[in-house]
Structure formats: structure tokens, C-alpha cells
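Got a structure for you, questions after.
Chain IDs A, B, C and D follow the sequence of writing; residue 1 opens each chain.
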Amino acid sequence: MTYTIDEWFVVALARTIRDREVVFHGFGSPCAQVAMHVARRTHAPDMLLIEGAMYAINPDPPFIPPTSNDNSLKQGAAYSMRFEEFFDAASRGDVDRMFLSGGQIDGYGNTNVTAVGPLDRPKVKLGGGGGGCNISATIGQLTLWTTRHRSGRTLVSSCDFITDIGHVTPAGDRKALGYSGGGPQWLVTELGIFDYDGSGIARLREMWPDVTEDDVRSSTGFEFEVASDLGTVEPPSPAELAAVRAIDPLGVRRSEFDPGELQRTFEVALH
Amino acid sequence: MFLDPDKRVDLSTAAGMVADGDVVALGGGLSARLPMALIREMIRQGRRNLHVVGSAHSLDVDMLVAAGAITVCEESYVGFEQDFGLAPAYRRAAESGTIQVKESCCVTILTQLRAAEMGVPFLPVRGIKGTDMRRLHPEYAEMTCPFTGEVLVVVPPLRPDVALLHAPLGDTRGNLYMEQPYVLDEHFASAARSVVATVDKIVATEELVERGITIPAHLVRGVAEVPFGAHPASSYPHYAYDRSATGAYIRAAGTQESLESYLDEWVRSTDEAGYRDRQGSAELERLTTWSESVDAWKGLFA
Amino acid sequence: MFLDPDKRVDLSTAAGMVADGDVVALGGGLSARLPMALIREMIRQGRRNLHVVGSAHSLDVDMLVAAGAITVCEESYVGFEQDFGLAPAYRRAAESGTIQVKESCCVTILTQLRAAEMGVPFLPVRGIKGTDMRRLHPEYAEMTCPFTGEVLVVVPPLRPDVALLHAPLGDTRGNLYMEQPYVLDEHFASAARSVVATVDKIVATEELVERGITIPAHLVRGVAEVPFGAHPASSYPHYAYDRSATGAYIRAAGTQESLESYLDEWVRSTDEAGYRDRQGSAELERLTTWSESVDAWKGLFA
Amino acid sequence: MTYTIDEWFVVALARTIRDREVVFHGFGSPCAQVAMHVARRTHAPDMLLIEGAMYAINPDPPFIPPTSNDNSLKQGAAYSMRFEEFFDAASRGDVDRMFLSGGQIDGYGNTNVTAVGPLDRPKVKLGGGGGGCNISATIGQLTLWTTRHRSGRTLVSSCDFITDIGHVTPAGDRKALGYSGGGPQWLVTELGIFDYDGSGIARLREMWPDVTEDDVRSSTGFEFEVASDLGTVEPPSPAELAAVRAIDPLGVRRSEFDPGELQRTFEVALH
């Protein structure tokens, strides 16, 4: 049996969630969205899953649709938060984890989803940050991810615009800014997985088996440490793979990947 | 407040309640409950210089930008998620500087609406410091908390001239029923000077009461009955998001030239009855089949 | 947040979730949905030094004061409206200085709860200036609006240690269904460190979903099923306000001595099952007949 | 046919409401409550009636109960505001009129519902202001009332505590305080009806026919002007009386009056 990088990728994202965490993803984030449902169906059954843009609590959607405001995403939820109810909870520190991506991500985990290039005449006007900006300051921990690491344009030495804050910004670190949130804990890319060292800089912890440290380094615009026990990402379990396929029969998660990446196929090892 | 017992207006009158230069709040979000019939009608009426505000939006903003109706855009996101990606006309206008992008954050907009709702001239927000948002918003200020000594960013009230909302059901008085997520619609309704609404269907007040009224009549200035008035956005429980019609827009939006043809064909050369005809009644009816089975629902997005 | 799948506790455990000295938010208001079973149980347990906060309350506060459980009272009103007038024990304690009256205003309390909900260290209010409220609240401050130059009173967050709520229906997870008015219960639930609830009846989650959940389970630490748990306050749709039982309290409350007898008889010497027995099942059932006819309903108040 | 002072009194209160106003009464205010329903059933059919403590919009209660949080008070209302929805509307100036009473009322219409006597050891601890304090600053106009004028202790030269603000306070007038609300417009008592002159002081406009100017003066602790056209309160119409009796069959309004006052009976004049 084989599986593809998109499946493994969302499993890796799912594993950043601990059981009994209160977890949120934003809209337009199918990989994070699928990952949250995978986590809830595998190792984190008692997490509180807040469905992004619907603010539905612990729904059991029959499928993941290609848009985040579809009613399928609140099926089975006994309760949906109001807009302000979610954002207040996040602002006062009652949400443990949020998934965040970015068109640019720097070494401290600051992200840019606003504009690449000069602000008055951007080279690329990105979509915008939605609600991430303020609550990136207060949510317990952040799982960052990108599926565009290999482009070389995503992990940058410095963001052209900071939409969501990481560990350290030009205006100071989180402590100086008075923020209670812990900031980025993980950065998962299609090449590897980073955590953050004591100074708030990304540190490479694991890579996919078809990726080399040179691949990572040549695609990364910032200097990063490498963990002394640099390893390979743990393969998905049959249960995890089954969960991915059950929750996302339309394969909406794939829309985040460059078509070339989707060719990356792996074999389930026979023990 | 609006106390008339009958607020029904036709779509043209409803769209006429928005003036050139108004600060306009757009209801719904992403692909859900966008006030598309009002958007199209404003384009037909040649509305200009709008300052739009809202959270995460897509086709409504992009189409207004394509039609040259927007001067300032203060949304937290404009785009088509991962499915169709960046918003084509919005992106071109932002990159060429023909619109002013005052991109904001959901929490900030919510806080500014709350200031208007509460009748206070400022409110603090916890975030923003450390980000570059203030480069887009020199109007924000900072204050030192008298209790903790912390410095927080404070923002002024946001009081839209008009909020354009779409609801699946309403009554003649202007009461509106919506399904969650309400997104910012409740706050828009309270903070704005007036609400102008479209509904797929006007029903008896008793039917709304049974379901629960989301937006009360006293906040609503006018309500127009427009079947499929959110199309191609969804308006549950009636119809799902029309991915295929949205895709057609995206394909046309590759250049401003082909986008003009699209607007001529689908908007400017017709009215809403004509729009529905051209979309095709079979296609529109198909969007109402979402509730028949999971396969039918899923099939709409395949 | 509280993620346990089963939050059911007995009333004694529920009341034990309040510690001496806690800041306690009291749900409901006036004669509706007061958490009376929790009040009585806290009196049985000898709770002391509570700082109660809320909007307009009556028997709940007066009985806690009578039992010597309250040190600070920060409600916007304590009394029995025009029907039974001033709150007897509260009034005696306030006039003799045995409790600290930090009387507040509904809007101020709401604003302070909102600050806690929003995670900000201060919020402005429009009023207060010109009144004498700051004589009771030296903790308030003033700030100058950076946008308008106006001076406004600002208030700190109010984060109760625990909110005591009564709902007619709940489920085992702690979801609660209430009828309007919710009064401050939703804000208490979000702003407090925990919610402890009584419900007249625990039902299947599906039944709550059908009606609509008012307070979600993740805010609730414990829920105890206590029939007539709000009595003599109302808990619609189940039972109306018991004017006669309230009158009996008022008559007993003329002196602290007779009030002690009342507390001994109705509270300290029994438990909730005994309380219901002593009230009389016929009398309690009569309160559920409000929905039979207007005459039946009106008859409860004659 | 005869009628009593309580009936006439609520009719006089009702007439302070104009059609198409948004009007609110607080809890524990049966006279104001009955008056609002009388107004809506007679001269102000298109007012927006916000039922105090229930926040129900335009209900048709089958009767007025002796407590303000009873569900009978939202019968027939299509919509009930949430707590914050009402108080926000009042704070931002969307409510045109509120009824307010007080244990003490001074000449400027400041009211005290907190405590009579010194604050640390009050002579009488009153119930408290509920939500009136803040919104007395922002609501369009106020109708003040008391049924305890004759006691001599209610209309005072100066309140021991200002809970709700009138036209002028020791801290300044409404303009100086930055308040948008217009303040007290009417003061209705069981002896007479006052409006307010340009300096914000109560001015006697009308009296009940069984009351003399001396009665009013000897019961009033502040100096007041008398209108040059001082008149008698217009008797209730049959429709108004019928509305009072229909809406308040339990006579809850009477609970506001001293028993002695309730003896005041009047004859319907035959034209």
C-alpha cells in the first residue's frame, strides 16, 4: 500500500496536537483542517476542535468541502460559537493551539499573509490575515506550516510585512510586547519539521525520507540550527492514513501543494 | 431605529440606499451569505468610491473592485481560499495602486464595531503591537492601562453608513433569520447607521419566530426579496455554494478585459431574473439538493 | 476550558466548588433562574466571606447576607421590586455596616465582564461621570480619548472565581439551555474562571440541540440535577415564580432572629429533597400550571 | 363611572410617550410599565416598546405580573434583545425615552436609588439603580416619576447620592460631561406634572384637581417655577382607562402608592 506526501503531511500536522487541547484553524487551510480531524479521530479524542470560519465545536463533517464556510463543517456539532465568542476566547488565552501559515515565514516564525514587496505597490498582494494577527499574540501555542518551502520564497530571512507574530519582532519579543501566548512551537513544511530553540529561532528536527539537509538549506532564507538527533518523520500509521482518507474524500488538502509535490509517494513498510 | 411596519422594497431601491462614497459593511463571509444580488445591482447602478469593511470575503469584494466601485478596502481577507486562490481583480488593483488597501484583522474590526455599538470613542485591543498593521492604519493610537501600566493599541469606532446583509428568510417588517456562522452580521447591524437586506424568501413572522430571529426588524431599513440573492455564495438552508459558477468568474477574471465581458454578460446587460435564467434553473435547483444525501452534497463540490 | 465528557456532580460537590472568599457571580435576575439550591447548599456548608457580583437580584443575595456568607456585595440592585420592597437582611446589613456595599450599574458590570472576556486590562464606559458611583468604586480610573479628547471613566476586568447558574435543562457534558432573558449569564460564563450549574433536569444532548444551547459545555465545570433548583424563583418553561413562598421569607425576615428560625427550618435542618417536601409537592406542581391558561398563570400571582 | 388616581397617573405617564419613540422602563416600575402598554394601545401604536428586564420588543402580555422577569411579559414578542443588545443600544443613543424613579429626586432631576443618609452607615439602604446610572447619560429623554411626592422626603433640595443624572450635577451639566442624552423632560408625581425650564430646573405645569399649589410646595424640598398657564391634568379618556384595566387586571400599578392615595377617586365627566 502506498500513500502520498499530502497524507503524511497532514498526519505530521495532526501530531502537533496534544489530547485535551483547545485547537483552532483558520479558513483556507485544508491541511490544518484535515489534520485536526485526524487528531481527534486518533490520538486526541478529547481535544476541543473549533472548526475554522464555522466556529463549530467538535463537528463530524461527512467530508471536507473546498470552502471553509460550508454547513457540512458543522454537521454533528452540538454547539457553534459566535464570531465574537471564539475571538474573545482566543484573546483571553482560552485557546491552546492555532495553525497558521504564511506566504512568507521568517526564522522567528513571524508570518506575512498581507503583501510581498513594497506596501504601496506590492509585487504580490496576498489574501490577508483574517483573524490571525491579534490572536497570534494570545493563543497558547502555534503550529506553523507551509507546503511551499521548496519554492525558496516562503522561508525568508525577513518578512516584507509582519501580519502574525512569531517569537521575536523588530518591536521586541513576546515578553516585551506583553503577550501571554507562547508563539510558534512547530513549523511543518513539505521538506521537514522544525521546532524553536531558546532564542526563538527555528531548528530542524526531522525531514521526510526523500529530502536531504541540503534540500532544506537551499530552500531556506534564514539560518537555522539542526537538532543533534535530526531524524526522519515517523511514517503514518494505518489508523492515521485511514482517518485522512475518511475525513477528506475529496482530497481538498491537495489544493495546498504544487502538483509536482503530489507525486511524492511512499510505501507502507511491512513489519 | 426603523419602525415602519412594512420595509419591503425592490432590489433597485435597496441598492439605491447605498450612496457613492459610503462606508459599506458586507455581510456573510467567504462563500456564505454574500449579498451578491445587491453587489450586482450596485454595479448596474454604477456605484463609485465605496469604502468596504468586513472580515474574510471573496467574490463580493472582487467583483466590486472589478467594476471600479471601490476606493478603500478594509477587509481582513479577500480571496478564494486554497480552491481558487488569490482574488484576481482585487490583487491587480492592489498591486497597481488603484484601490487603497487598509487590510485589517477580524479582532480589530470586531473591536471597532463594538466601540460603535457601545457608544464609546475608543477600545483597546490586545494584539497589533509587533505586527506591521499600523503601517496600514495610522489612525490607531496607543494608551497606557491605568491599572496595569501596559501599553495597548486602541482603535476608533467603526460605524458603517450601511450594512448589506443577505438572509435566507425574512418578514415584511425586516426581521431576518440566518444560520450560523453569523460572522459579523449581528455587529454590523448594530453598529451601522442602517441595514439593507436581501432575503431568498419573505415568510410570515411566525415562521421566523419558530426558527429564531437573528437580526431584529428595528435595525433594518429595507428588505428586498431576491431568490438566489446570495448566488453563487451559499444561503443555507436553501442552497449550497456554487463552485462551478465561481470557477467561471475566476476563469474570466484573468484579465480586466475578459472580466469586463463577464460583467457585461452576467450583470450589466440583465437584471436578477435574467441572471437566474442565464445561470439556468436546473443548475440553481441542483444547489438545493445538498440535503438529500451526503453524496449529493459532496457531489456539488467534486 | 472544561473538556470532561461527564460533568455531573451532586449538589454538595457543586456547592463545594465555591471557596470561602471567592468572587461569585450569581446568575439569573430578580425572580428568575436564581441558583437557589446552590445558595441554600452553600448556607448549609457554612460558606463565608463571599464577594457577590451581578445585576438585579433578590432572594439569593438577601438569604446569603442573612446567613452571614457575604462580605462584599457588588450588585446593581438587591430587592423585591414594588411587590415586597426593600431586601430585609441586605438592608439591615448595609445600614449597620456588616457588609461592604459596592453597588454597581448593569452597564458597568457588563463592561467589566467584557474586559475579562476580551482579555484586555481596561474598558471605557460612557456614563458614571456626574454620579456618585465612584465614591463606591475608587478602583475606577479616567482616561482621555486619543481620538476625541473626551475624558471617560475606565474600569478594570471583572473575572469571577465562579459563576453559579441555574438552567431548566442541561446535559451530562454540561451544556445548558435557558430561556430569555439570559441576563448576564452568558457573560458570566465566559468571564468567570469556572461555571457551576444546577439544572431542573438532565436530558439528552439532542434535546438541547433541538432547543438551542445557551451556555456551552466547555465553560462548565460541574452540573448538578436539582428539581426545582431555582425555587422560589422561576425556571421557565418548567415553573413560575412562587410569590407565596417568597412572601413567607419576607415575613420571616422582619428580624434577624425570626430569619434565623426560617433558615434553620427551610435550609439548615434539611436537604433539597426535604426542602421540596416541606414546600409541598402540590404547591410546587401548581407552579408548573402556568401554561394551562392565562387564568391559571395569572392566578399564581393573585 | 369612576376611576382612581393610580389609573389617571399611569395615563399621565403614558402621554409623555410620543408615537414612533423607542421606549424603555426599568424593573420594579409597574406604573411606567403599564403606562407604556397604555401608550402603545392608544396614541402610540408604532412606538418600539422595550419591556424592562425581559428586553422583549413589543410584547402583548396577557397581564402585568408583580415581578419584572416573568415570561408573561414576553408573550407575543417576535424578538427579545439580549442584555448587552439593549444596554448597547441605550448607550449609543438609539433609545429615545426611559422612565426613571427615585427615593430622592432633586430639582435638576438627579435621582437617588442607592442610599439615604451617609454612605458608610445609611439611614435607608435603597435597592440600587439597576442599569439606570450609565444610560441616564445617553438615552434621548427621561420621564421621571414618583408616587411619594406627598411624603415630603422624595423631592429634595439635594440628593444624598446621585445614582442617575439629571440636567445639572455638582460635576457639571450634561454638555460639560459630554453626554448626548437630553435628560429629564417630565416629572410626574401623584400631586402634579413638571417639565424643565432652560436652566434645567423643574417647573410645575399641571396638577391633579384635588391638589393645590400649596400642597405641592409644602411637599417639595427644592424651589421650582410655576408655568404661567398652570393647569389641571387632562382626564383620562375611556379608551385610556380601558387600556389600563385591560393590561393590568391584577392592579400591580397600585403597589407603588401609599394606601391613602388609592382612595383618591374621580368621576368621568359627562359631556
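The rule is simple: a contact is a pair of C-beta atoms (placed from the backbone, for glycine too) under 8 Å apart; a residue touches a chain by one contact, two chains touch by 3 or more.
Bear in mind that the values here come from a model prediction, so they are computed numbers and not experimental data.
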| item | value |
| --- | --- |
| Selected pair, greater C-beta contact count between C-D and A-C | C-D |
| Interchain centroid distance [CA atoms averaged], chain A/chain C, Å | 42 |
| Mean-CA-position distance for chain B and chain A (Å) | 28 |
| Whole-Å gap separating chain A and chain D, where each centre is the average of the chain's CA atoms | 59 |
| Where chain C touches two or more other chains at once, by residue number | 118-120, 125-126, 150 |
| Contacts with 2+ other chains: residues of chain D | 91, 138 |
| Topology of the chain contact graph, where touching chains are joined (line, ring, star, complete, other) | other |
| Every chain pair meeting the contact rule | A-B, A-C, B-C, B-D, C-D |
| Touching residues (chain side chain A, partner chain C) in the complex | 20, 22, 46-48, 57, 78-79, 81, 85, 88-89, 91-94, 138, 180 |
| In the complex, chain A residues that touch chain B | 27-30, 53-56, 62-63, 65-72, 74, 80, 82-84, 87, 90-91, 114-115, 119-138, 161-165, 169, 171-172, 174, 177-179, 249-250, 252, 255-256 |
| Chain B residues within the chain C interface of the complex | 111, 118-126, 141-143, 145-148, 150, 152, 154, 156, 212 |
| Chain C residues touching chain A - in the complex, by the definition given at the top | 1, 3, 5, 116-120, 173, 175, 190, 205, 208-209, 213, 216-218 |
| Residues of chain B that touch chain A when the two form their complex | 28-32, 55-56, 75-79, 81-83, 86-87, 90-91, 94-97, 101, 103, 105-108, 110, 114, 125-133, 135-136, 150-151, 179-184, 186-187, 234, 236-237, 240-241, 243, 290, 294, 297-298, 301-302 |
